[in-house]
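Per-chain residue numbering starts at 1, and chain names A, B, C and D are given in the order in which the chains are listed.
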Amino acid sequence: MTRISIQAEDFDPAAELMALEASGGGGVASFTGIVRGEGGLVALELEHYPAMTSAQVERIVEEALERWPLLGVRVIHRYGRLEPGERIVFVGTASRHRAAALEACAFLIDWLKSHAPFWKREHFADRTAWVEARAEDDAKAEGWLKPPR
Amino acid sequence: MTRISIQAEDFDPAAELMALEASGGGGVASFTGIVRGEGGLVALELEHYPAMTSAQVERIVEEALERWPLLGVRVIHRYGRLEPGERIVFVGTASRHRAAALEACAFLIDWLKSHAPFWKREHFADRTAWVEARAEDDAKAEGWLKPPR
Amino acid sequence: MADLKLVYFAWVREAIGRDEEQVERPAPDVTIRALIAVLAEQGGGHAEAFAQPEKLRAALDQRFVPLDSPIGDATELAIFPPVTGG
Amino acid sequence: MADLKLVYFAWVREAIGRDEEQVERPAPDVTIRALIAVLAEQGGGHAEAFAQPEKLRAALDQRFVPLDSPIGDATELAIFPPVTGG
């Protein structure tokens, strides 16, 4: 079971976990990204490149399926205006092997954070600013170019 | 928020995720272990050393808190008779940093699988057998003796 | 051959003041870098958006490519800042 | 000084036929390995459970220790197969 959603709406991690648990694996790993409310952040605005996003995410999910013996993969990425405490992104993986589930989950979220065509703008009470890419995120994702542990 | 439960009863991963999401972190990672029903397995029976289990798990959670900047840790480990498809173990972590949440989650589940004082017996239709420890699990856990990435 | 469709995101879109536009198709061996240098000469939003090519990234027909890639027969060229994920 | 409490788990418990027992406390410098060798001489379940010490692990007062550790003044010694987690 592989399912990818790029959506404005919120999602229910519980329902996603249940579906992954039902895929027959021995383990389900998940990561949920939440908007942090630091420095007086009022909202985050996520813009993306719709014609590109789904195709890119599909490609990276295929790569994860090639690398790890996965029974299920679920990716959800939101766009639009999100307030602190709201969910932005979800990656869930199911596998017979816990290391495969955990590593594939980390691989996918690292990729989404560093390579998916999303741009974030931070809204504060008195100003807005586009978030600059962090070299650190690129380094995390490049790390996966080596063969999996 | 740190909470550890060693219990016979099932648990609700959804409720655990909600609590971790509320801990204010930027990311929540989780792993849920499920009984696999391979080779005609009828049930798994988990025995543990109650006087030791909680103290040991507390110690390893403290170690995770020292290594990674975590806002929340939740560990649930069941014992008793479990049938295929039932949940055995849950580890959830919350952190401002996704790598910290993911790595601490992997660290804790690796430790639980290789060092927590649990013993598994497999029940089949016509026989039962104690599961033998796998060198592979030990190797995973020993890997964490190196400083975190 | 049809015009080339340009699409812009984030502050590139804001500087130019629109999210897409059609431009006259350059010769296939013209690179993205060369095309945006020509567009920057129009001044205004394009000059601002394309002032520092090292801050720009590009995709041809929804695939990330280096700025020095020739545009070839692509139908859509996207110009944007480095992505900042989720 | 009080007797030493032994606790058993998994197939060690099954071979011995009980989950705990009290034994006369050995001198503090006697190791776990030496104690179980003596117990194995009783024959029966103890002989079976302790036949292959390399298949056994131990904890003194709820801390994992090597079989060659002296028992010292511990109050509880646990003998069990390698743990098999969750």
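Everything below uses one rule, namely that a residue touches a chain if its C-beta (ideal position, glycine included) is under 8 Å from a C-beta of that chain, and two chains touch if they have at least 3 such contacts.
As the structure is a prediction and not an experimental result, all values here were calculated from the model.
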| item | value |
| --- | --- |
| Remotest chain, subunit A as reference, centres from CA atoms | D |
| Distance between chain centroids, defined by C-alpha means - subunit B, subunit D (Å) | 27 |
| Subunit B-subunit C separation of Cα centroids, rounded to whole Å | 49 |
| Two or more partner chains touched - positions in subunit B | 33, 113 |
| Sites on subunit C at which at least two other chains make contact | none |
| Touch relationships between chains, expressed as pairs | A-B, A-C, B-D |
| Subunit A to subunit C touching residues, read off their complex | 33, 46-49, 51-52, 55-56, 77-78, 88-89, 112-121, 130-134, 137 |
| Interface residues, subunit C side, partner subunit A - complex | 7, 9-11, 13, 59, 62, 64, 76, 78, 80-86 |
| Residue ranges of subunit B in contact with subunit A within the complex | 13-14, 17-18, 21, 24-36, 85, 87, 96, 98-99, 101-102, 105-106, 109-110, 113, 140 |
